[in-house]
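There's a structure below that I have some questions on.
To keep things simple, chains are lettered A, B, C and D as they appear, and every chain counts its residues starting from 1.
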Amino acid sequence: MYSFKDDYSELGHEKIFNELLKISRTQLNGYGTDDICTQAKELIKKRFDLRNADIHFLCGGTQANLVLINSALASVDAVIAADSGHILGHECGAIEHNGNKILSAVNKDGKILPSDIAAVCNAHTDEHMVRPKLVYISQSTEKGTVYFKQELTDLFNICKKFNCYFFIDGARLGTALASNGMDVKPEDMAKLCDAFYIGGTKNGSPLGEALCIVNENLKKDFRYYLKQHGAMLAKGALIGSCFKTLFENDLYFDLAKCSNTAAQRLAKAFIDKGYTMRSPSPTNQIFPVLSNRKIAELQKYFIFHVWEKVDDDNSVIRLVCSWATNEDEVDKLIALL
Amino acid sequence: MYSFKDDYSELGHEKIFNELLKISRTQLNGYGTDDICTQAKELIKKRFDLRNADIHFLCGGTQANLVLINSALASVDAVIAADSGHILGHECGAIEHNGNKILSAVNKDGKILPSDIAAVCNAHTDEHMVRPKLVYISQSTEKGTVYFKQELTDLFNICKKFNCYFFIDGARLGTALASNGMDVKPEDMAKLCDAFYIGGTKNGSPLGEALCIVNENLKKDFRYYLKQHGAMLAKGALIGSCFKTLFENDLYFDLAKCSNTAAQRLAKAFIDKGYTMRSPSPTNQIFPVLSNRKIAELQKYFIFHVWEKVDDDNSVIRLVCSWATNEDEVDKLIALL
Amino acid sequence: MYSFKDDYSELGHEKIFNELLKISRTQLNGYGTDDICTQAKELIKKRFDLRNADIHFLCGGTQANLVLINSALASVDAVIAADSGHILGHECGAIEHNGNKILSAVNKDGKILPSDIAAVCNAHTDEHMVRPKLVYISQSTEKGTVYFKQELTDLFNICKKFNCYFFIDGARLGTALASNGMDVKPEDMAKLCDAFYIGGTKNGSPLGEALCIVNENLKKDFRYYLKQHGAMLAKGALIGSCFKTLFENDLYFDLAKCSNTAAQRLAKAFIDKGYTMRSPSPTNQIFPVLSNRKIAELQKYFIFHVWEKVDDDNSVIRLVCSWATNEDEVDKLIALL
Amino acid sequence: MYSFKDDYSELGHEKIFNELLKISRTQLNGYGTDDICTQAKELIKKRFDLRNADIHFLCGGTQANLVLINSALASVDAVIAADSGHILGHECGAIEHNGNKILSAVNKDGKILPSDIAAVCNAHTDEHMVRPKLVYISQSTEKGTVYFKQELTDLFNICKKFNCYFFIDGARLGTALASNGMDVKPEDMAKLCDAFYIGGTKNGSPLGEALCIVNENLKKDFRYYLKQHGAMLAKGALIGSCFKTLFENDLYFDLAKCSNTAAQRLAKAFIDKGYTMRSPSPTNQIFPVLSNRKIAELQKYFIFHVWEKVDDDNSVIRLVCSWATNEDEVDKLIALL
């Protein structure tokens, strides 16, 4: 049965594995200090205009979030995040296990507002309470929506006002930046936050996230934290090579566009046929509302998540397309609507 | 310059990447619940006679050690390890960061004895002290030596006597089991410890360790700990496929033999020419004692670690061979002795 | 200026210090293993009908909560608490610092319902999420209200159903049990939860909470956790003696009644004069709604917390009475209404 | 039976309890922000010439060590301590539970040397290893010995060279400063370290240690850490008052002299009768070597620790005197030698 369950069902793009095959017996330095990693970093720095950022390659999103946050915060510091944030409910308490509380604000289509941050910071006033110190958002969000440039600017400004770091989880950064109507360009990222990561796993790489640290305070000693969390691969070139391939000839954004295009074709079909969408997603995750009967019908042919109950008769489903989504299967699903 | 610095300089065996290429667009379940992982586990269970063990694939050795130990111990529990153990000095305090003290005993050629364990346990008697609860050893050890069957049996028995878990770090398990004179067979492992891992990274895989949990107490909820540590790859099949390739046609042990053969050829040459060896290693790491002048000469052609000072004129060096070590380079080094 | 800010402004009852003076030079065993502690525990066991409970004396409430919870939970386990719970917002992230997430439910007058617990447990279903394992409530609550016997019974039953521990923070247990209309008796406590503590600090002792562990699972090794958290006083008899004095001749409940009587006299005066109360508190904390003008007037003579804004013109204040509250000052405040 | 087991068997000096009795019903600010604490701090600042230090009152030594170290170190940082240090073996892994590794050096009569610190720091060179960041010593040491002024100066200088904090555990600071031959004066302390604490529990107070933070880096946010560890007493004035009494009329040093005098009288008797002492202690803990037969004889009348085995026939015992040690019992013990 064909799956629209997520964007990490297919292992990775052929170019990546072909490139790995080529260098399989080359002697390379360990722990990410090799030439392949250096080349990959240069490509990323060029594409994102990241002259002075430090780039580190990590295995996955939960790991990137926990190592960055653990390295940035003291144990009395806290994170602010939307209640739909990945770190809050889907990382098995990784942030708390490492000692930091997450303070949540109710999301609006997956997003938080500057006023949410101000409210949390103003309510935490003395040593009986944790000290908010880092704001976490996902771009694109867990509901498929995106933050536009002015929104990110406003969030970053309020973070600076309250002396908080601003960190962007970019597990799906590719689909956000490649989405229709998006006004944030890759080269804007370094001006809009203190740190962010470029997700590989959910955009065609077998593994890997490229963490970009812009703020000087967060750079120092980061490799110690990588090592301490078991996040420093002996063969760091494995991830370096994946990212080198992804950023040669802009493959990364080509793959992101594939994901978006397939999902938006689905979205248009749902809307054309009168279905409502739970959130205004321009990316590769869409959340149509369907009758439970229709859901059961689709489940005969496709795998996907039933996201949440709307009422006794209707539910929201999540459909996710990837860089490798089969166009024929998209057609088949549309035909069933 | 050719490197004898470590056994993880070459990315991985071609068969592994060719296999990954074949399945690159196949839709697979996430988080290690896919068919490829299942097949890999079956191959390992068969080769190691692990009927009732749980197998989990992790990215690297530090990660495998920290997740297993964190899941096994309460915060008042402690680990016992040789002072040469990898977890003690080369994992940036990962075990302590997660809350557990490591109690060390002086190593004898990289090994600890049952009497060391008894001494530590007998010295920790009340609640002012931590409670020893897990014994950690490396097979082969950080000094290239191996534990023989009776030694493992004795260690396991003393562990049971003191109510400690016995955990074997098998980052280099392949070279231990494939070494000349070794009397432990793969199928013995499950009878000799509570948990162990089969190292992939140092034996031809681009990443990955296969953690085998034998003791029922340690099985429950392990996947929660995997997730909490960011150690559960979304594309778990990546590591699963590496191990599937390694255990088809016994490639894993063929590669280990290659590493051992090359290193032992070097060792024989050193001994034949009158050099002494720091430890009696039958595996892929050897530790000859050389004059500083000879070391400087070799460093013109080869990269390797100067391990420790012997006296003002002599030092121990470490030479490591891998599955991909070039025989011509071995000859070249021997010619320089 | 006289303070109604809290119930820990006065250091402690004279009888306690007189008793300490008597034993000031007696040689006593260290770390809570002395005869005075034993006598105190016997008095508590008798009064609370705690035949098989373990009792430990700790310095304060935050410490009691964190040591009990840290000893009871694995790092992948979580706590469920009302969003008004002390551990959530007023202990500077102590629980998270020790590795556990707190999942919150919206409070109803400071309380949570069995349905809240069921909802949280049912929403946490796999290893991507933490595992709810302990339910925390305060008796009396942070809003002055109390749980009645049937409410506690229902909460304990739902906890058992979902395999959670049920822990009662009794920082103000005295005022709850001594309140008018309360149907829970001291001797019921052990049948209604897995662990609870009897608060000394907020009921006339200079320091100290008596933690009573009923569930066998939570007893083992608790002293290790006490020591590891720096919570085991070398001179444990200090707290033991305080509790011995408190439970000789039922001084503990006499003091609690004093606190309640003073606060309820205030409450009656507010109600008689037409003020509304934010929550139906029968204990020593009351929360009347006042105009900001009236609040400013009272602040000329009294110290108290302005709790929360109601609208632009009105706010909730918190008035707390203690065992040592001066009746004349109560009269004076009433006269100002 | 009379005990020479430790210096915390007697609850506390009468003056302390009399003073507490006097203020038992006075309304005081909570959490150590009251006038009594302020007065106590002023007395300490005057006596120790601590113009710019921050002083915090904590309950006990383990707590003082763990909160200071946890607040000072990042998780990748480590402590250096003598292998006889209290934090290493007698605090149930408190430092490791909070995430930091302790690197130990072999003690010389309880002390470490600047060369030990240099050796540890020089051996920790990259991110595979923890980063030494704080040196911990005890004054007086766990073997009764003391560091003289030049020794402390040298240690502090080497700490600065290696960018480490220098922290002095002063659980028995009183007996060190009051010992015969000591050339460190109370007013020197702030010039010789970054932080130290003045032990109350082992010098006549029922509880309490006064932590003095000299280095600006360590001051910021310390109260957050106090609260997070459950180390901030609601009735902070309890400890404040104890220290106020101890530093009025120099009672603190008078009590320390009592302890030393009694122990040194014992020591002289042992030496006069030909016994050897394990370490050259000028303070209140002495470590004579006795035959096992003589030990058995003394155990009929006195309680004390048998410290360690010397050979089959002889052992070291530890005798500790306190501010309240009975002179007649000292005579009685001497008579038995």
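Annotations for the structure displayed:
Simple rule for what comes next: a residue touches a chain if its C-beta (ideal position, glycine included) is under 8 Å from a C-beta of that chain, and two chains touch if they have at least 3 such contacts.
The shown structure was predicted, so the numbers you read here are calculated from the model rather than taken from an experiment.
Placing every chain at the mean of its C-alpha atoms, the farthest one from chain B is found to be C. Both chain B and chain C derive from one sequence, and where they touch, over half of the residue numbers involved are common to the two copies. Across A-C and A-D, the chain pair carrying more C-beta contacts is A-C.
Chain centres here are Cα averages; for chain A and chain B they lie 33 Å apart. Work out the mean CA point of chain A and of chain D, and you get 50 Å between them. Each chain gets a centre from the mean of its Cα atoms; for chain A and chain C, those two points are 42 Å apart. For chain B, residues touching at least two other chains, in rising order: 75-76, 91-93, 97-99, 127-128, 130, 224, 227-228, 232. Against chain A, in their complex, chain D makes its touches with residues 70, 74-76, 98-99, 127-128, 130-131, 221, 223-228, 232.
Of all residues in chain A, only 75-76, 78, 89-93, 96-101, 127-130 touch chain C in the complex they form. By the touch criterion stated above, chain C contacts chain D in their complex at residues 2-3, 5-6, 8-14, 16-18, 20-21, 23-30, 59-67, 91-94, 97, 201-202, 206-207, 224, 227-235, 237-238, 241, 324.
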